[in-house]
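Letters A, B, C and D mark the chains as written, and numbering starts fresh at 1 in each.
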Amino acid sequence: MYVINQVTNAENNMSQWLVEFQDVYYTYPGTNQPAIANLTLRIPQGKRCAVIGQNGCGKTTLFLLANGLYKPQQGGICYGGKRINYNRNSLIELRQQVGLVFQNPEQQLIASTVEEDISYGLCNLGLSGKAISKRVPQVLDQFELTSFAKKPVHQLSLGQKKLVSLAGVMVLQPSLLLLDEPTAYLDPLHTRQLAQTLATIHTEGTTILMATHDLEWVDRWADWVFVLNRGKLLLEGTPKDVFTQGDLLNKVKLSIPLRFQLSSLLDEVNQSTTIEQLKTKILQILD
Amino acid sequence: MYVINQVTNAENNMSQWLVEFQDVYYTYPGTNQPAIANLTLRIPQGKRCAVIGQNGCGKTTLFLLANGLYKPQQGGICYGGKRINYNRNSLIELRQQVGLVFQNPEQQLIASTVEEDISYGLCNLGLSGKAISKRVPQVLDQFELTSFAKKPVHQLSLGQKKLVSLAGVMVLQPSLLLLDEPTAYLDPLHTRQLAQTLATIHTEGTTILMATHDLEWVDRWADWVFVLNRGKLLLEGTPKDVFTQGDLLNKVKLSIPLRFQLSSLLDEVNQSTTIEQLKTKILQILD
Amino acid sequence: MAGLSVYLVVGAATSAQAMHIAEGFLPVQWAAFWWILALPFFLFGLRSLSRITKEHPEIKLLLALVGSFTFVLSALKIPSVTGSASHPTGTGLGAILFGASVMAVLGSLVLLFQALLLAHGGLTTLGANMFSMAIAGPLIAYGVYHLLLKTGNQKLAIFIASALANLLTYIITSIQLALAFPAASGGVLAAFLKFAGIFALTQVPLAIIEGLLTVLVWNWLQEY
Amino acid sequence: MHLWLDNLSYNNRLRQLPPEHKLGFALVGLTIALISHPPVQIAIALWMSVWIVGYARIPFNIYGGMLSLAIGFWVTSIPALLISGVAVSARASIQADALSGLTIGSYYLYLSYQGFVQAGLIFARTLATVSCLYFVLFTTPFTELLQVLRRIGCPVVLTELLLLMYRFIFLLLSTARELWIAQQSRNGYRTRQRWIYSLSLLIRQLFQKTMKHYQQFVLSTAARGFNGQFRVWSSQSYQASQRYTLEASLGCLVLVIGNFLF
């Protein structure tokens, strides 16, 4: 039932933007500085987006707003062209469409075994046992978790926990996936596995928005980058658009990825460049 | 008292190796596979060392063994040329000499305010109130935490918490500092600050051993690198020694840092290399 | 912090048995008796718990966390003279916060986990342990707290209520043992005096300290 | 602080048996143990040990350690049963019960015959019931017990709380363990005084983290569409074993008959 819903939504929704923040303002009670200040931001449909910025720039609040967990104190948020309506039923629908994977899997996993945890979201939708028993093994298989199905969550490694927390959200087939620092504490092997899994999720039509500090990853992976600073959108665009704004990034203490710097350098190479000049320039970048 | 102790130790100890693991074996109760299997490893005095490897390769267990928190089930560990004796007094001395900063500051910060937490280790040693009241402000100053001294720990940002957890260990003036993934979840700004702080600590004579997944950092920072795999030492040497072993690293799913690959490439450049060849090779590396 | 410190000193020297009757200790008729006596309270608690959680479903998360916190405190291996661990009952505070009926359920679940994960207490003696720890203690704490609240001194009310809850738990445990094992001379009363006398050495100070500790935790709670 | 009991239960050789069978078997054993005589109780303890060590392949030293823990409890409680006291004037009334004794002031302390009998009875009963309890602990993971509770119609709010508590216990336990290790690394428990102070800091941190977890779980469960109930689904793939069912049923029958004979 929900699968069909999603497909029709995707067909009906001809808008280019999946989620639209319109002049949103949010302050945590008891603090002076707003976490999100007059933010206007549009998440393009079907793209791999990244949010970058210093710790405390408002990334997590952005996610909680997009999922409907927080309500803007000013402004509004549109999902699929329609303004979010903060009543129970619309919220349930919204949260099924906007999946949110938290930074720390420990705070997201609640059931005792892997398969139970993955089924939690489906059970919340009130699906029949038959539908659930069909869907859960599919997801276990997709995430290569089948052999862990009966394992208790507390016996998993961090990488496995991160995978389970992602699987528990993807089982609902959301249209938009929000990921908070998915690669932190992961070793290179698990980071690559994650990249592959996300590639599959993306090609199957899910829009992805990821908060990360790993700018090399952003350069390689993202279609669209948002730079947040103190709850405001400082800059947005393709990685190329963003990373050419060296001065602006410098101001918010972000650096330009090595790979991007080198690619730009190579683009500038022409007939008259000598090999020594190129070498010197590369060494400058590497230093 | 402890400060003087340390100085004499450092003078007496003419050994090149600060800590020596001799054929150490450790298995967690209830598991089949050993976390550390017949590990022989020497930490050179005064160097900046890095441990790399996949999650679960035994890095954390290595740290807990070096600090005397775990006792090897086979083999032994020497500190400053002397075999660790697992009696109360030697352990107290050892833990003061070998400072351990945990991956997650949440699991390390224990007291309610910054200065209380920093003084915790000193108070445990039974120092006089006078000695403590002299030492703590010094450390607060060194870590630029003076303005936070009275602040409750839970109000700090992650970067500040990491700094406090480091300060709480450095206040004991250890000879060896063990750091577990200090840069994880940190934004680029705080990562740079951390690098500066570590540089100061190192020039003041502390040996550093850091576990990390950030191979670019290892390439830039380390004097000596240990590669662990399934509780065994696979490889050790300078970053150059290690990162030229591409095949071996590939087997344990570690990649070679971009910066290292490019530097090696540039070293190979000679008169006959054309600029097009160089460009092609760089693009291959970047891909 | 001072209260907690004293608590830990005294607490560490107490045998865990002061609070739990171990598996197999009660003969069948008494095991059954306490199960039957505890069950109606438990079911009543379950009904009010269902009612509360229907209105505020998130409370289930809080209750489960509080229960787990209590469990973990009891599982902390505290090396001591007797080699066994001691733990605060915490039921007094629970009763003040959530009501005695909710505590009857939550306390029983903690006891069940102690039996199943730590082999501490038991299944046949669960009824008796439920009655002393999860039912009698919280009931008196709840009653005394609301009675003393009228005096206007909230902290005093919390202190006395939780101390009495701890004390009553130990008295009931002594009664349970005395009923099962009456003395050859003097019967149940003599046996009660014997069991209560042995536990009194540690339990009376413990009760006072549980009272102090509860006030302390109450202060932490105000920070949230 | 390490709940290795839980670990073992996920790796035992009787894992594939339906949890209903194992739980039922243990409860029947427990009932027989409660109502039978000491010889039958000892037989139950021995038979259950065969199931635990022989069939479930729980290492003998672990099972033995657990049994000695239970016996240790018994040992610490016998003084209270064995030693009785009366006023010297009433000494005549306990003449039959007293094995030997001594007078302290106006009080007479003696070793009670009845106390010995009681201690013996408790010993046999403890061994029998504890071995049945251990059979459940070693062979049936908690998650499977919970599934049984759901299937037999246990009130939903109870199974929800058990589900959450099981998860949170391990979460808080690992937090406590991490904090404890970190404190040790800074010599936290060096003297008795610092030991107390460190432990009080640990408890306070654990409490604060518990409250923080609450706020976070409220958010994360809401994000996953929390609708007022914590319901989950689990697959069923157990295999009943005729051989084990037969041995269990026959054995229980023999024990019941044995109880009439002795």
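By definition in this document, a contact is a pair of C-beta atoms (placed from the backbone, for glycine too) under 8 Å apart; a residue touches a chain by one contact, two chains touch by 3 or more.
Protein names from UniProt, one per chain: A, B = Putative enzyme; D = Cobalt ECF transporter T component CbiQ.
On a predicted model such as this, the values are computed, not experimentally measured, just so you know.
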Mean-CA-position distance for chain D and chain C (Å): 18
Euclidean distance of C-alpha centroids - chain B (Putative enzyme) vs chain C, Å: 45
Averaged-CA centre spacing for the pair chain B (Putative enzyme) and chain A (Putative enzyme), given as whole angstrom: 31
CA centroid of chain B (Putative enzyme) to CA centroid of chain D, Å: 42
Residues within chain B (Putative enzyme) bordering two or more other chains: none
Per-residue overlap in chain D, given as positions that touch at least 2 other chains: 6-7, 142, 164, 166, 171, 204, 208, 213, 217, 221, 226, 229-230
Residues of chain C whose C-beta touches two or more other chains: none
Chain contact topology (line, ring, star, complete or other): other
Touching pairs among all chains present in the structure: A-B, A-D, B-D, C-D
Of chain A (Putative enzyme), residues touching chain B (Putative enzyme) in the complex: 53-56, 103, 157-159, 181, 184-192, 213, 215-216, 253-255, 258-259, 262-263, 266, 269, 273-275, 278-279, 282-283, 286
Of all residues in chain D, those that touch chain B (Putative enzyme) in their complex: 2, 4, 7-8, 175, 178-179, 181-188, 190-191, 194, 198, 201-202, 204-205, 208-209
Touch list for chain D against partner chain A (Putative enzyme), complex: 6-7, 10, 141-143, 146, 163-164, 166-167, 170-171, 174, 213, 216-217, 219-227, 229-235
Of chain A (Putative enzyme), residues touching chain D in the complex: 64, 67, 69, 92, 95-96, 100, 102, 104, 106-113, 115-117, 119-126, 129, 132-133, 136-137, 149-155, 168-169, 172
Chain C-facing residues of chain D, complex: 1, 3, 5-6, 30, 33-35, 66, 69-70, 72-74, 76-77, 80-81, 84-86, 90, 93-94, 96-97, 112-115, 118, 121-122, 125-130, 133-134, 136-137, 142, 145, 155, 157-158, 160-162, 164-166, 168-169, 171-173, 176, 196-197, 199-200, 203-204, 206-208, 210-211, 213-214, 217-218, 221, 226, 228-230
